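These are the structures, in structure tokens.
Both of the next two complexes hold chain A, though its partner changes from chain B to chain C.
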Partner chain A sequence: MKGITAKKQQRQSFELQLHLQKYGTIYAFAALIIINMLLNHNFASLGTLWNLTIQVLPTMLTSLGMVLVISSGGIDISVGSVMAISAVISGMVLTGKVPVVGSGVGIAVAFALLCAMLLGLFNGILISYFKIQPIIVTLILFIAGRGIAQLLNAGGTIVFYNNKFTEIALYRIGGVVPIQLFISLFFVLVIIFLLKKTTFGYYIQAIGENPRASRLSGIRTTGVLLSIYVISALFAGLAGLFESSRASCADPNSIGVLAELDAIAAVAIGGTSMSGGKAHIMGTVFGALIIQLVSIMVNMNNIPFAYSRIFKAVIIIVAVYLQREKRS
Partner chain B sequence: MKDNYLLEMKQVDKRFPGVHALDHVDFRVRAGEIHGLMGENGAGKSTLMKVLTGLYRMDEGEIRLAKKAVSFDRPLDSQKAGISTIYQEINLISYLSIAENIYLGREIMNRTGIDWKAINQGASEILEEMGVKADVTQPLCTYGTAVQQMVAIARVIFAQAKLVVMDEPTSSLDEKEVAILFRQMHKLKEKGISIIFISHRLDEVFEICDTVTVLKDGKLVSEDAIKNLTKLELVSRMIGRDATDVLKRKKGQFEGEQTEILFEVQQIDDGSKLHGVSLGIRRGEILGLAGLLGSGRTELAKVIFGDNPSYTGKLMIDGKAVHWKAPRDAITHKLAYCSEDRKAEGVFPHMSIRENLTMAILPGIARGGVVDSKQQKKIVNEYINRLSIKTSDPEQLIRNLSGGNQQKVLLSRWLCMEPGFIILDEPTRGIDIGAKSEIEMLIQDISQRGISVLLISSELEELVRNCHRVVVIRDGLNIGELEGDALSEKGIMQTIAQAVTQAEEDVG
Partner chain C sequence: MNRNARISTLLRKHGVLIALIMLIIAAGFSFPQFLTYGNLTNILRQSSMIGLISLGMTFVLLTGGIDLSVGSLAALASVIAATLSSYGNIGLMVLVPLAACGVLGLMNGIIIAKMKIAPFITTLGMMMAARGIALVMTGGISVSVDADIVNTFGTIAQSYLFKIPTPVWLFFLVLVVGLYFTNKTRAGRHVYAVGGNEEASRMMGLRPDRVKIVVYTVNGLLAGLAGIILSSRLSAGQPVSCDGWEMNAIAAAAIGGTQLSGGRGGLSGTLVGVLIISVISNMINLQGTLNSWWQSIITGLMLLLVVIMQSRMEMRPKSRRKLTTAERF
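Coming up: the complex of A and B.
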């Protein structure tokens, strides 16, 4: 009798572990919300929710790019610098500092994203064709990119008022729901579709799991890797645009600072292995929400901002501990 | 022999979700004996050994080592208790030197730190005693699998274990190396050390073991002294039915002498292992490629499949010269290659059976880059049935399958693209006799369907049993070809031996 209960308990603990691995991030998010509601009675309002969806968008976008990169067995620490460059370039176009292309919003966005993709191409070529380790290649752009962003406008912040561009970030559907919610949803769905339904999605994970077997299965590993870094940079570029649009300015010194670490943290909290393999999209989404929620929580309770980093670190440790691969 | 048991495992029970991996198994090993542990893949051998070494925790049961009850939470605990393990896949660190590998975790220290002189000297002495010639200061990866396996054994000897678990230690060794290994095993035995020996090669088990325990489906079948067993009895116990029909099978008649040559290899030289090898294969033919380790068999396969594009010579398909830049070019021309190294070049461990099985055919079942999941599921189910892959769910991760079933998934990966020519590199290595016979039957079946097969194998028996024709190579060059009545194990061995003598005479 005793043996049977022991076995039952053991099986239950195993199932609990699996359950936590799958849904742990969602529980953590819920727990954070509850803690916040207890700490601060103003928290439980729709306004806070809209705030969260608005503020999380840049982190959400960079995390979605990052989860592809990490799934393929790589890393991209240049996303913060790419955000800054794309923001500054869009600002320069909008304020007419790039004479050739004009100063329309569409052109500014297109030009900024094109530049971001070129930076991704730079990463991708060095990583896939020249086989340099991703952390080194993206470190180069991490260092140089911030410098380029600062040099582009002689280190100054570009301010743009009363512009169609800034209206994008302020737009609320029906005057209530921020557009950011739909943008986030849209890109989450795009990435889920990409990973679950397309050959490209299969290949990303395959390369992360076993590059030799991928090549022997006929996968164009260099092409796939190249595309992944271009996509990551494109998402970083978008993030930079939304960040500057919301702030009505592009400050090369502050946009995207530490964004790469938030993105990596979101992916880690979400349960994707840092050594490559299966990409957990919903985990990453809630990971990004948790990271942002910590910042909001610190703000609302007048805790010095520096503490938010320590909170994030604790959350990462707990998340990675819960999701570690269990030995039987 | 007196029943002086070093190890007693009693009523060991272990369940995984959905699988009863060990069902109250009794297993015991006497002091100073070599004990064979046999069973098909999935019989529970590895699980039992993982329970023993502390990698898994058992649900129920008892382990006694030298009469004392023990329980290991971690592999380190079992190592401290005197149990050492040598795995099939070598668990050493390739960029450390041989000496460092042997002494890892047990470094000799002097006042200033690690005493490299003592370590290097100690390591050379150990290897010398084993009859292995190698420079112990060189990184391990500069040596082949055989030396690496010997280093793993040297580590065990050095660790002064009481009980050594050897999980398929011979699967990557050639005959000479196996002989060296067996000599070492005898030495260990003389010192009173017990060995648990796991192997799929029956001859080896009969040669080296004193006692054999057979497991099937997680249950104990029998424990016997080897002298009371015949080969046929042992195999029948392992597969649970009469084995006569498994070991004797006739290959299908090949009446394709008139059919045209599908693929031709002319004077291939890759500048290292291949020096002008040529061969031609007819439609539906099973062509064997024989030769000692290092003769260039796998290298040739890699040239044919486009994995190594830098070579001189000519590849021709249907009489037209081709040159692939990468394996995918070969795949578009309906070539397939099932690698000898399942782990490094085959499986995507954390992906499902479905994903693994369809990895090479994805472009064929996708429209605009979007995979047709209905068609995908159909293919997966078809091949799970056709090759009788044992699984409850195609969404199961491939790494949870036994070696034989993993191999079937990989074979399916290539067969589902309906190739014209498939290269099978050691397709039955490290898999149990039941799965092996199924795979051999499959080879006959694909040949019947008009697919050409290039079969690379170290097992001469396997080549003779399956091939219509065998080409023997040595140092990257053809040295003979056998067909019809001349095709026998003895014939292949003689061809290799003659060429060796010839070469020695040429040099002398």
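Coming up: the complex of A and C.
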């Protein structure tokens, strides 16, 4: 009898762990919301919700790129620098500092994203063809990229008075719902489609699970890896554009600083293993929301901002601990 | 062995050292003040703090881990030292920050080894938390060292021993101990074994958990030491200082040939890596017209060059090592 109950208990705890792995992030998010409602009566308002959706967008975009990278077993610490470069380039085009291409909004966006993708291509080529570790390759761009962003405009902030470009980030549908909500939703759906419905998505996770076996079973690992880093850089470029559009200026020294770590933290909180494999997209989405919510919480309750770092650290470690996969 | 093969072995083994020597020769020819005693000791003094962290980082990288928290730990140590200066006891100002950073490093090690959380995530958490503690302690502003003790405390970083700055001696001391440890002791080989293949090392009866915990603790202690030297040099503790030191330390170790997948590399390479970064920075200062952002661009290019060279050598069919890109990030 005793053996059976022990087994039952073991099984129950195993199921609990599976459940936590799947929905833990959502519970944590819900818990944070409830705590906030209790702490502050002004929290439960639509304004807070819209604030959250607006502020979370850059983290959300970079995290969506990062979840692909991490589930392939890699890492991309260059996203912050790519954000800065894309923001500075868009600013330079808008203020007419790049004479060849003109100064239209569409051209600025396209040119900035193109440059971001080129940087991703640089990462991807070194990682897939030269077989250099992702962390080293993206560390190169992390170090050099920030310097390049500063060099582009001699270290100064570009301020632009382009209403069309600034309106993108300030636009509210029906005057109420910020456009960021729809942009987030759109890209979340794109990534879900990519990972769940396309062979490319399965290839990514297969490579993360076992790169050698994937290659031997005929997956073109180099091509897949290359595209992942281009996609990640593209998302980082978009994030940089939204940052600069919201602030209507591009500061190479401050845009995207520590953005890569926020994105990695969001992915880790979401339950995706750092050694690659299954990608948890909804987990990542809620991970990004949690990271942003902690900042908002600290702001709303007049707690010194430094505490938010300590909170985030505790949340990251506890979340990852609860969701870690048991290895045999 | 034909000539080409000999050159390629020479390059593989000592390529970075040759690069450093060429860099020094080039700097000596371009800037007459480069090879002066004052400038050279200046380079060494600047290397000593980032050097201490890079040595600790090399151990961590050798076990296949990574430690992002060292910059924040150094900042925390400098803040603690400055805050304690009002007691007027120099022992307190050195030992308490060291102990604090050692304990936080130990926490890193325990979380990584026992709770099995990826080193990147664990130390990312510690990076945020330690910086947060440093900011909370000081309210975000710089704390100056008490006037009564500022001269005594200042000797740590500002004094000379046999005409060489004391921090440089400290750095060399740690380097020599570390070299002895990795090359001559059994425990040193365990570090390589754990990084080379953790599973195999466990089966051979080593204790990877213990090795990891020790390595992260030592790294915390060295970060603390670097922080104390910094606050002694500035006569203040700054909660926002040492930003990005962890990435510079990783870059220095990587330029020196330590691989981030673990098990390969060593402290002597890291010494060369640290010196290369410092010499480049010094050359940019001496040149005068180049801006500071060139420093990061040139460091990045240097790193790029080294890793491409390494990967070309790795890809030779002669070495039968498995080529894995994404196995361990």
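Note that the second predicted complex is superposed on the first by the 312 of 328 C-alpha atoms of A that agree within 3 Å, B and C clash if a C-alpha of one lies under 4 Å from a C-alpha of the other, contacts with A are read in each partner's own complex, and residues count from 1 in each chain.
Here is the rule we use: a contact is a pair of C-beta atoms (placed from the backbone, for glycine too) under 8 Å apart; a residue touches a chain by one contact, two chains touch by 3 or more.
Computed from a predicted model, the values in this text were never measured in an experiment.
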| item | value |
| --- | --- |
| Between chain B and chain C, more extensive residue contact with chain A | C |
| First (chain B), second (chain C), both or neither touched by A:R220 | first |
| Contacts of A:G91 with chain B and chain C, given as first, second, both or neither | neither |
| Which superposed partner A:G80 touches (first chain B, second chain C, both, neither) | neither |
| Which of chain B and chain C A:I148 touches, first, second, both or neither | second |
| Touched partner set for A:I127, first chain B, second chain C, both or neither | second |
| First, second, both or neither for A:T199, with chain B first and chain C second | first |
| Contacts of A:G271 with chain B and chain C, given as first, second, both or neither | neither |
| Touched partner set for A:I316, first chain B, second chain C, both or neither | second |
| Common interface residues of chain A - those touching chain B in one complex and chain C in the other | 212, 327 |
| In the complex, chain A residues that touch chain B | 3, 6-7, 10-11, 14, 197-200, 202-203, 205-206, 209-210, 212-220, 277-278, 327-328 |
| Contact set on chain A toward chain C in their complex | 70, 72-75, 126-128, 130-137, 139-148, 150-151, 154-155, 207-208, 211-212, 221, 225, 261, 264-265, 268, 273-276, 304-310, 312-314, 316-317, 320-321, 324, 327 |
| Chain A contact footprint on chain B (complex, rising order) | 15-17, 55-57, 59-60, 305, 307, 326-328, 331-332, 337, 339, 344-351, 355, 359-360, 362-363, 366, 369-371, 373, 413 |
| Parts of chain C lying in touch with chain A, wherever the complex brings them together | 66, 68, 111, 115-118, 120-122, 124-129, 131-133, 135-136, 139-140, 247, 250-251, 254, 259-261, 291, 293-297, 299-301, 303-304, 307-308, 310-311, 314-315, 322-329 |
